[in-house]
Every structure is written in structure tokens, then in C-alpha cells.
Amino acid sequence: MTETVLEEKKVDKNWEPKIVAFLCNWCSYAGADLAGVSRIQYPPNIRIVRVPCSGRVNPYFIIKSLTDGWDGVVISGCHPGDCHYISGNLVARRRFAILKELLEFFGIEPGRVNFMWASAAEGERFAVLIRKATKIVKELGPNTKFQREWC
Amino acid sequence: MEKVGAVMVVGAGIGGSQSALDLGDSGYKVYLIESTTSIGGVMAQLDKTFPTNDCAMCIVSPKLVETGRHQNIDLSINCEILNVSGEAGNFTVKVKKNSLYINPDICTGCGVCGRNCPVEAIDLFNEGLARYHATSVKYPQAVPLVYAINKEYCIGCGVCAGVCKAKAVEYDRDDEIVDINVGAIILAPGFDEFVPQAANKYGYGKFKNVVTSIEFERILSASGPYAGKVLRPSDGDIPEKVAFLQCIGSRDYTGEGQPYCSSVCCMYTAKEAVIAHEHQHEVKPTIFSMDIRAYGKDFDKYIIKAQEEYGVRYIRSRISSVTEIPETKDLRLRYETEDGKVIEEDFNMVVLSVGLNPPNDAKYLAEKFGIELNEYSFAKTDIFNPVQTTKAGIFACGAFSQPKDIPETVTQASAAAGCVNQLLYEKRGTLITEKSLPPEIFVAGQPPRIGVFICHCGINIGGYVDVPEVTRYAKTLPNVVMSDRNLYTCSADTQGIIKEKIEEFHLNRVIVASCTPRTHEPLFQETIREAGLNRYLFQMANIRDQCSWVHMKQPEQATQKAKDLVRMAVNKARQIAPIDRIKLPVTKKALVIGGGITGMVAALNFASQQIDTYLVEREAELGGFAKYIYHTLEGGDVQAYLKDLINQVKSNKFINVYTNAELEELNGYIGNFKSTVIYGEKNERAEFDHGVVVVATGANEYKPKEYLYGQNENVILQSEFEEMLNTDSIIKNKKSVVMIQCVGSRNEEHPYCSKMCCAEAIKNALLVKKINPSTEVTILFRDIRTYGFKEKYYRKAREEGIIFIRYDENSPPEISTENSSLNVNVNSVKAGNLSIPADLLVLSAGIVASHEDNEELAKMLKVPLNDDNFYLEAHVKLRPVDFATEGVFVAGLAHCPKTIEDSISQANAAVSRACTILSKDEIEAEGKTAVIDVARCIGCGMCVENCAYNAIELIEDRRFGLVASINQALCKGCGACSGNCRCSAIDILGFTAEQIYAMITGRL
Amino acid sequence: MGIEQDNKEIISSIRENAKNLLSENQVDVVIGYSEGTVPLSSTPIIIRRVEDIEKLTWNNLCYMNLARYLAPLMPQLCDSEGKSLRIGIVAKGCVGRAINLLAVEKQVDLDKIKMIGFNCNGIVNRSKIALEIGEKEILEVNISGNEIIVKGRDWEKRFPYDQYINELCKVCQVKSPSSTEANCVGECQELETINDEFSDITEFETKSAGEKWEYFKEILQVCTLCYSCRQACPVCYCNLCFVDQNKPVWFGKTTEYQDIFTFHLVRAQHLAGRCVACGACSSVCPVGIDLNFITRKLEKIVKERYNYTSGLNAEKVPPMMDFKMEDAQEFMLEED
Amino acid sequence: MDFEPKILGFLCNWCSYAGADLAGVSRMQYPPNIRVIRVMCSGRIDPQFIFEALRVGADGVIVLGCHLGDCHYLEGNYEAEKKFDMVKRFLKLINFDNRVRLDWVSASEGARYAQVITEFTDHIKALGPSPIGGDNPDKKILNNLKAIEDAASGDRMRALVGRERKITEQENVYGEQVDLEKFNKVFDSAIVEEYQRHRILVSLEEDTKSIKSLAAELEIDPSVVLEHIVCLKSRGQIDFGEFMGITPMFFKM
């Protein structure tokens, strides 16, 4: 993929990123539900995958999402201390910290993969952070780094 | 009269819900009666909870959802109690179920009615800071999620019936009066907060920026009116200086408020101050209080953290008046500091930490249920069993008997359930019905045949998402053999349709695209199970809460998103397989470790239910800590009680007592433990099986190294002093007794409050005055923590002339000896340096836990200790007597310092929790658990370290060597193990790697 | 003088210690290095008899991490029932680190291991030398004084050691095993922590995402996914490596960059807090990729975040097995 | 120059329009200021029509229908009466209520038609030109009128005005007749609340603003503005913007 093609893609005003969001069942998924019940509007770019706990999210899921062409990845769990499974999010936090540093080290833009905490009462925060993540990914442009050359 | 295997729980706050869940899980039919329109009580209003800053909604809502759909719990909302008759074992309660004017069986909780209602009223859930509609639900996550019409406000315009596509609005729905037959009753109506009177000195109601603490709680809440931003009501600015005034309506002898201490305000205020600062760093909180009563587990640490990390300022003063500065609406406080200076200071906002009153209908309830109230109009309870009311068969829990915090409420809720067990155990399982289900259709190996049901949800989805288009699209997806759309997929008739379609199309996977699986998955799972499919052959796509409702202005994109979500669900459904929940047998026997009051109460409760119990005591005699206590502050005769307990335990044929005993080995897991005990002087060995463990190992009194203890015979411990007072008349010769509080508590070594020392000191001081009024008694303290009704005795002590002098923790009293007499030099915060001669110096030594002892047992049980070496429960708020390791429970001083009554409550609570296991012949494990592929596993042990439930251990496999092994009984299916596994040897059923792979790949 | 002399001393200490272990029947076998059959290499050897002790050697081409043979335990180190023999293992510092880590991960039983420790004087960067020599056939490699002398049919080239030592070895602070006398004969030390320095990594981190991407694309695109790095790694001991897993197939096996990238990224994630900085992966890479650059980043991450250095003892659990409430979370998305 | 007001008249087809015709046939003279729009029934007059007319600069608006009981469509004019009542209540808030009038003129009342029109024209003349007519309309009043128009066309007001007769004169869904006083209380508070809320919305169209600046601009107590902000936020119409120091700013979604 040449720079010019990238540039062209960025220019496309109508381009909308597709973002996959892994939400833990007990806090973030519930927070997303609350955003719905409260009718708090946010951009329609995310596709939610429910997981029991942020601790369930294997780095494979994230890397596969990137190499499979999702423009962005969001992983959201309970705030530290709120985990329904006591410490799943703390286990996950170390894993994600390392993964995020590695991704950036290898040259993946920092905003492609976003980790966040949102509680079951934070519908508003969920929407705000999704807006922010969507904005970041949109500014980064399409995730073309992993496009197969024969595609 | 014949006993009845059903229980009524009145009040469905966190306490009532806990009682109902315990009893429902133990095989009783439970009638849960709530006066408002949803359950959850005050806890659902809270933003965060102390001392962990847990999000209240996050932790309470799963519990509420569980209560709402428990098959043994019959939940009725909007109810009134009309009449009660009968006696313990068999009561009949006449209950009026007030009409909601909306059919709760049909209402889907979508909220279209509320959004269209033209009448606005004050939103009480949000404490008047927002409005709601005459047709409404209390809060968005309410359980049951059923709207109700408030007839008081409703003008009957009929708009709601017009917009309700589900036809749930029924204006002619009548009130219903039913007679409910139960064997026991638990009263958990909670409390009502103190509301400052119209002409109060704090200007509440007059000055906009004076709010109550519960109003402030809503301001802090992320789902509250200001979306969690800390704003002041007068102009919506962030209040930089916020003053919290303590003891509003508590410790108040003026007649405006209540004389007792409300127990929880010091902590909730600290929490509110911390959270306010956390939400908005501009907020600089100041707390005005007389004493800081942080007496619970890890409370003192929280206060220290509030001061040191969040800059919360504490001022020891009681504010007498508040005036408003009209131009700025700021508030001027005038206060006197401890050293007597009068200061005027302006604040942007004032929060009144209001106390807890008995529920407004306490008198009504007492009259109907025939129980007595105490002098403060709370439920009067037994001196040693704080959940037993004055009437047999009727129990009280939570704030109805005394103001208390959430964990104590939850403990009492379980304790009340524990007492019900004793009364009704033989009727367990008599009134609950098991549903008969057809055998499961065998689907393994067959190609997926997927049916997709897409919900319009009235206009909630259909109004924004092109449902017919999504339905057409679903049909084009691989393995989808039918797709259909429904007005309401959750309605009763659609359940019939789904079953028909399963049969007609031979479906072996079912997808519903509608609302959230968090509330509706169990319903649809039940439906497909009734049609013969395994419950786990079901998937949901959330196209309402997470799609149509949040993209209302972008119908095209919302439709595209809905399609994507349906496709992802289909992709996953193609990978799903039936899951069998394994069943584990239960050994119906209990092990209780520790033979103090706590352990004996627990053992007797088990035994009274004819459960074989092994009671293991390290010492030669039963009795534990209570051996040195003669009376409680309230006058209970501890020695008599203890003697009676020991006799009962020794004579009970279901209890095997081992004294001089140590637990040598403990293996196994929930329902199936095996222990070895070495006991007796000859070190005999006993082995036995049991299903549960209760840890009641107690704690020790601190042995001071300070204040010449052990060096001067006139320096003694409070416990020794108590013995002296009760067995000797030597006190008559003493002119002056000085007591020093917080010896070995609240310091660097033991940074916690020992909770009972203040009460002990006052108890003994009063006794001194009783025996010899002329003896001078001086108590040197840091804070007097006579919480709850104990406040009465503090006041009495002051009235009797006992002298209280506060010292600062940085300048503790010093002792000097001249000749043989003692002199106590204290730097009084109020009066400067004082020197007090003392014939007797009494040290209030704290409670300490032994690291060596507890750690050894903790390792054996695979349970954690906290920094102070007390046992750490599964959840500080909602699982106070459970451990994360299932089947193991904690009670009494082993948990943290507490009073005898609290220990007894915990013992009964632990039994109740244990009975949810022991009442069953077999327990069903969670289906969605981790599974190991032993061929891949390399036994590195990472998963073992990451598991919070001790559900994984490394075992030697015949073929593969050391490999991980999942204990299905303990696994909760969180997946923390799987996320880190390098070899992909662990997968999580229901969320397998393949399923998630299928969802994230194959994108258009 | 120079490394030539160092090597001689090391060899004699290794042989002395190995001999004692075998003759005193403290171990059943000794695993160590012997002269390679191919120039510019070395070969592991297993010795069972005191007579064979002279076969043990040491030079700066002994790049293999011998702990590789402990997990999974190679059959030569097992008794007839498949149980581990008592093993003496020639252990430079990074071998010691690997053994400690494997002990934490329950892959080795320290009771059955005796390390033969010595102060390692570093490993030569083979790729760099091979690159300079090019296609020409190497017949002989000698170490003389402070130089590595490579000879061919009609040519000879001298490489000053201090210029051709592995970058990793230059900054190595764990030259002898971090262990105690209970588990180690010869040189050993008890290290709590080390002060490593990552200025090269820090400098690289300041580059833009695009620059980093291009850099790695440049150096990694020659990778043929031969998995030599994995095979040489002492802590890569899965029964089934993630690249070989199916159901689901997370990663492709083509040599397109996206598959190369995922291989190296995931391998790095798996080594976080576990890499013992032995450099074996770099040494064996047939196309000369400097994999140490990635592994040093890993060391930096766990050092900065969790103050952890792998393999300094057999007790402290690696960061991925542990967690703390107060772990840093500056990377989380927050509201503005 | 004498002020010649611009007056808009909505006349029902069956009575008033015929009455106007009759006035013409009978050559009755009345001021030429009125411009007539024919509608089928006075019940057809959406309050929005009246507000819109005023907003574009009409000095007065008159609605004429059949006498009560004579409606060609039986009860259309009763509905018109209720709607007009709401219009008056709203306009009273900006002191505009005397620029609109509702009256009844039958097909046979040509003379009365002329008389009503003459009187109304004189009345408007006496009031003087509309402050939002002409080239330099008063921006503040214009905004307030816009707010009224938005408020009146919202679901809440429509639901109330549309059901007023049924529930106060006949019976509501519970079979009870709602006390007029209770209804008016609900109705009046709805009018004030919706008016203020829409004023906030109109004002926020210009720029993001703080509660205090909204309060100063709209002359409402800041605490009341905050209450409305809470409501508008829950309806998804506005949201928090950035904070200026300790003051949150709000913007219209």
C-alpha cells in the first residue's frame, strides 16, 4: 500500500471506521446498556463482543481483529476493584499494558487499540469514551497496514 | 399447627434481597414484599460504597437481577401489609398489592410510556434533583423493570396506552388482596433518612446550596442528574469548597433529631468527600465532626487515605448555624475550634450528613406484626441475637433494628435466614416445584440449523432500525434456515411461536436480536429448553440498548450495525455447542474451626437442623474470648450465656467436639471436603468428610509493651479490670482510675480500630461509679466510638461525672511514677498539659490477629488474609461471611474486631450461607466454565496464579505430566486464566476462542 | 591474555567442577558445550563418565542456552521411567536465569539440577561476522588473544572481539548464575535486582508510529518463519506453539509481512517477563534478524512497570502471574 | 405616517368565511388591513400557524370560526378554543397575547364580521407595530417567540391540549373527571417549563453557554436553569461541553 493511496483514503470524508469492542459482561456491557436506556447517543461505529470479563480477552483477539481489517479495537472492563470476578481485570491490565507497549513499539498507532474502564452506572462515560475512541480511530484513517497484497 | 415451608421477607432492599436469596437457595418458597415499585432500596441510589469505593450499581445489580428471576422467590412490588395472624411456623399475612395500572407480565420496560407522559413530577429516586413522569420506573436498571403509573399525579390523559405497542397499560387494573401462608417472617424495611425540619438552623430547604448527604450521593452518581459532575444547585458551578456537617439529626438531644449515633455517617461522608474530589479535582472537602467513628474493617485506613491522598480536611467542631451570602449563594459557617477559637469561613456548598431514622411506618409494621419497638422506635431485638424480634418466628435485619452499614445489613440478612433455617428446616423443599422438561434433543455433529428472531420492540427498535431489512439479511447468512420478526419477541405468545418454529424447521440454534442478554437471555433460554434444546444453543444480538437507542438519529447506520451484530451472532451460533452442567454430590456435614461463642453458635445452628457438625477448638476448654467478658455494655450476662452455650454444645448429639485440637490437613472443595484433626492430650487423630467449613478462629487481646504494662502492678488491661470489678471489691479503695484508649489500635503496627474498646471502657467506668461513686474515672481517648445505641451509655457516663479527655495521636499520654503512685501526663487538645494521679491505670488494649496461626490455616483453606492478618472475605460489601473459595465461610473476630452480638449474627449468617449448599443433595456447577486441553497444557502454573477462586490446580497427568486441572465446582468462568495462556490450553465454554474468532472475522 | 586466556580458565574450572560432581556422584549426567562440527558454532554435549570430561569446552561461540534441553526434558536426561536424572549443567549467567524461571514455571525440579557456574565473558555476534565474510566457505575459526580469527582456503580475517561481541553481552549484568551454593557449584551470585539501561530502546520509542513500522518491516521482512528463534529459546517450551495451533487458526503461515509481524509480536507478548536475555534467538537466526532488540524492549517494559527482572531467583513470580491493585494504568483511555 | 397594521385572519370555510363573503355581498366596509386564509374548520388551526404568522411580522392574528354548537364538524371549534387558550397563555409570557384574538362569526353575520375586523384592526393600531415586524425585529422577543413555537409544537403540550376537553369535561381513562384546577396546574407548569427549556435551546443554538450566562440572558434564576438543563440533558437535546474553570458549558446536540 503506497502513501498516496493512504492519503486518498484519508481524504474520503465519508469513510467511517469499524471498531470492534470487547466488553465485560458485568460492568462495561451493562454500562453500554445503560447508555441505551438513557438514550445517550454515540457514533454507530462499534460492534460489541460480549465477554465474561476483561480477563477473558486474549491478545490473540486483539491482534486478529487488527490483522483482519477492523480499524480499531476497544477493550473495556470494570474499574479496578469492581471486578465481578474479584481480580480478572487486574490480571488483564498487566496483559494489556504489555500488549499496548508492544503494539506501539512495532509501529501500530497508539489509538488503534484502546483500553478503558466503564462501570455499570457509567452509561455517560461509556458513550463519551466511545465517542473519543471513534474520533481517534477516524483521525488515524483506515487500518491498511495489514491489507494482504493480493487483496 | 403444621409448619409451613415458606417465608415472607418484607422489604426488598439489599437486606431483604439477601435473605430471600439465601432462603430461596435453601429450598424455601419466599414471598418478597416491597412497598415501592422496584427492589434495591437505598443501595441502588448510592454512587460508590466505602471502604473500597466499589461502584454500588455494579455490585448490587447482578444480585437484584438474580432476586428478580429466582424461581423460588415470588416478588411483589407496590404492596401494603394489611393483617397478620398465626404464630411461629405458620403465619397468614394479608397483603394488598396496589395496582401499577400496567400489567407487569406484559410490560417490557422499554420506557416509551414514560417518555411520552406529559405530566412531570419530582423524581424522588434522584432526591428531587430531577423530574420524572407520572408513568415511570424508579431508575434505569430497576428490578423488576416494569413501569408504573403514579395515580397521584396522573391526569388520565391516556397517552401512555396509545404509545404502548405491547398493550401493557391497563387503567382498570385493580388492587389485589391476597392471603399468604408462611412459616416465618423477616422484616427488612430499612430506614428513612432524617429530614431537617422546615425552620432548621442549617438553612436546608431555604438555601439552594445546602443539600443532604443522600442528595449529594445522587449528585455524585454517574447515572444521577448531573451525570456524575459535582455541581452545586444554585448555579451549576463546581463547588470548590464543600463543607460536610456531621451528626445532622444524630447524637442530638435538642429534640430536633435523634439521640443515638447513626453509625454510618462518618464513613459515608468520608467516601462522598473522596469521590467528590475524585470526580472533580477542584473540590476541596472539609468535614466538621465531633468524633470520627471509623470503627469497621479497614475504615480507619480509609479516613487516613482521605486526608493524605485526597486532601480532605477534618475539623473537630459542631456547626451551630449556617448563613447564606445572598450575592454569591455561598454559605458562611461559624465554628469554634477545639482550642476555643471562633472562626468564620465561607463555603460554596454545604452537605448535611443526615442520620438514619427508623422507617416512617415502623409503628404500623410493629402493630401489624405484633412486635415491640425500642425507645427509638426501631425494632426491639434480643440482647444476644440481634435478628430475633420480641415475637417468635419473626426476625428483623438491617437498619430496622439499629442504624448500620451494608455489610452488617447483609450479614444480618443471612443471619435472619439462618434463624429461619432452625425453625423450618424440616419443611425445606416442600413448597417449591421443579419444572418438568422434555429430554434434550441430541444435536451434536449435526450441521447448524439457525433460526433468527428479530424484535421490533414496539417502536424501540423498529422505529430506528429497518427490521424487515435485517430480517431479510439474516436469512441470507450461512446456516440460517429461518428468520422472522416480532413486535415483541419477549411476549408470552412469541415464546409459543419460537417453540413452534424450532419444531417446524428442526432448529438447533436460536438467535434473538432484541435487547440485552443481561436481562432477557434466561427467558429465551428457558423457552428453547422447553422446546427440547440445550439452554446454551442460544445467542442474542443486542440491537436495542446498544444500537437503536444510541443511534436514534442515524437510522441507516443503525440498520447496518444491527445487520453486523446479527451476523456476528450467527457466526458465533455456528460454533456453539450444548453445555452440560455437571452435578456434584454434597456431604451434608459441617466443620467449624474455633470453639468460641461464634463457633458454638454456628455449630448449634447446624446441629439444630440435624446436620452433623465437627467443632475443633485449639484450647482445652470451649469459650474463647468471651471467657473474660462478664457483661455487655447493654447489660447482657455473657458468662451465663456462655455457660448455657457450652452445655448445649456438649450435650448435642449432632456436634462432635474436639478440644486441644489442631487441623492437620484439609483437602477437597465445596460439598466435598476431607479433614484430619489431631486432638486431645494424647494427640489422637480423627478424619472426617464434610461439605462446608466455617472459620471462627477468633483473635487475641493485644499485650501492650507500652505504659509500663507488666512492669507496674497498677497498670492493667481492660479485661483484667473487668475481672477485678466483677470478682473483687478492691475498687472501693481506689480514688482515681485512668483509662487510656487505643492502646495497640490505630497505630502504625495496627492501623485499625478495635471497635469494642470504647464500649468496654465506658461499661467498666459505669460499673466503677456504681460500686463506688466517689472513685474518679478519667478516660483518655482519641475518638469515642460508641456507635448506634451505645451512644446512650456515653452520654450516661458523662452525666455520671466520668471525665473524658481527648489526646492527639501524635502526643500520647506519658506515665511517671513517683514513689509507688502513678501519674498520667496528658496533653489535652482542649485544656493543654494535665497531670492526673492514678491509683489504677487501665489500658484498653486492641484486638490483634496472629499472623502465624492465621496464615497457616489460610494456606490450607486457600483463602486470603488482609494486611492486618484478619481473614479477607469474598466481597467486603455483599459477601461479608463468604470466601472467594466456595464452601468456606468466616465469622466472628477472625474476620475483624467486633462485638459479641455481631459475632453471633455472623455465625448464623455463615450457617445460612452454608445451608444454601448443605440443603441440596447435589450442586450444579456453572455451565460456562474453563476447560483444559491437557495435550496442550505445559503446566507452567500461570493460570493457577491468575485464578481468584482457587479453581485450578496442577496435577500429574499419566500421559502429559504436570498439567492444570479445573475444578468445575469452583470455576466461575471469568477467563482470566485463558487470556494469559500461551498454549491456548484453556478455553471458556460459552465464550470459546473459536466463537470469538468467528465473531471478529468474516466482516464485510 | 585476553579472552583466549579467560576461556582457558573457564574451561578448566568447568571441567574441574564437572569432574567433582560426577565422581562424587552428585549428578548422573553433565550437559555442557563441545567444539562445534561446523566452524563458527558449538555443540551441546552430554557427559556421563568422568573420562569424557575433556570433551567439555567453552568459547565465545557457545551461544546455545543449555536450559533449552530441560524443558521439555530431552530423553537423554531421563531415566528408564521417564523421570529426570540428576543433571549438572554448564551455566553461564543467562542459563542460570533460564533455570530459575523454569523452576518458577514448574518445568524443572531444582533438587535435580546442579549448575556449574562461571563468569561468562560474552558471546560473539555470529551473524555480523557471517555477513562480513559473505558467501565464502569458512574452514577454521580460532580465538587468539582478543581476536577471532576466521580462516578459509586462501584467506584469513581477524575480528576484534570487543567490536563483534553481542550487544546484549556488552551490557550483561548477570554473567554468572544468580543462585546459591545449594544449586550451583563454581561461580554464582545472589542478585536481587540489576540496573539495566535501555537508552537505545528509549531512543527508538521517540520515533513516529510510521517510522517504527517501516523499521520493523525493513528488518523483519526477510524472516522466513523458520522458527529457529523459537527452537533455540530456553523458555519456549509449549507442546504446541501458537503458530501451529488450529481451531481456530489465529495466524497465517505465509511469509507476508502481516504473518511475520503477528508471529514476532505474539512471541514477544509470550516472552514478556520471561525472556532471560541469552540472545540465543538472535544467534541462530539464519537471516540475521536482531531479535534482541525486541527482547530488550520486553525487559524494559517489565522492569519499568513491575520492577522485575526474570530469572534472578526461583521464588519471585513473573509479572504475568501476578497483579496489584495499584499497577500503573496510564495507558487507559480517559475522559478529557 | 400612519401605522397600517398587517393582520392575518384564519377563517373557517363554513361560517366565518361565508360571513366575510356576506359582508362583501352586502358591501359592508371594514379596514383593508386583513389578509384572509381559508381553512376548513377553526379546529384546523395549529398553534404553530399563529406563532409563525407573528414571527414573520404580522401585527395581529385573528381566528374566526362558527359559534360554539354550530360547527360543521360538530366539535372542531371547541378544540380550536382549547388550542387558542394555550396560544394566549403562551403569548402572555412575552406580553403578546393581545395581538391575537379568537371570535365566532356565522355565515349570516356579515355585519358582525365587519364589526369584529374593524374593532380588532383598531385595537392593533392602538397597540402599535409589532416589535418583531419590520426590518429591525427585536431579537430577544423573536427568540422567545421561536421558543414558544417550539414548545407548543412539542409532544408534551400537544398531548395536554389535545386531551383537555375529554378529561376535564367528560372522563379520563379511569372514568373520572379531572378537576379543572388540577389540570390547569399541570398545564400551566408545563407551559412555563417548556417555554423556558426551549428558550435555553434557542439560546444555545448561538453558542455554548454556561448556566450563569443563560440565567442572566434569560432572566431566570440559575438554579432553575440548572433544573431545566438536567431535563434537557436527559432528553438528549443538550450535553456538557468543556469546563471554563469551575463552570461547565453546555451545547445543543
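We just call them A, B, C and D in the order they show up, numbering each chain from 1.
Convention: a residue touches a chain if its C-beta (ideal position, glycine included) is under 8 Å from a C-beta of that chain, and two chains touch if they have at least 3 such contacts.
Model, not experiment: these values are computed from the prediction.
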Could you tell me which chain's Cα centre is nearest to the average position of every protein Cα atom shown?
B
Report which of B-D and B-C is connected by more C-beta pairs in contact.
B-D
When the centre of a chain is set as the mean of its C-alpha atoms, what distance in Å lies between subunit B and subunit D?
54
Centroid from C-alpha atoms only, then distance subunit B to subunit C, rounded to Å. What do you get?
52
Centroid distance [mean C-alpha coordinates] between subunit C and subunit A, Å
36
Between subunit B and subunit A, distance of the C-alpha-averaged centres to the nearest whole Å
33
Subunit D residues counted as touching two or more neighbouring chains
234, 236
Expected list for subunit A, residues touching two or more other chains, is 38-41, 59-60, 64, 81, 87, 91, 95, 125
Which subunit B residues sit where two or more other chains touch them?
227, 552, 946, 980, 984, 993, 997
Complex contact set, residues of subunit C against subunit A
204-205, 209-217, 242, 250-251, 256, 258, 261-262, 264-266, 268-269, 272-273, 294, 297-298, 301-302, 305-306, 319-320, 322-325, 327-329, 331-336
In the complex, subunit B residues that touch subunit C:
935-942, 945-946, 954, 960, 962, 980, 982-984, 993-994, 997-998
Where on subunit A is subunit D touching in the complex?
38-41
Which stretch or stretches of subunit D touch subunit A in the complex?
234, 236, 253
Residue positions on subunit D within touch of subunit B in the complex are 155-157, 159-160, 163, 167, 172-174, 176, 178, 182-183, 186, 189-190, 193, 210-212, 215, 222-223, 225-227, 229-231, 233-234, 236, 240, 243, 246-248
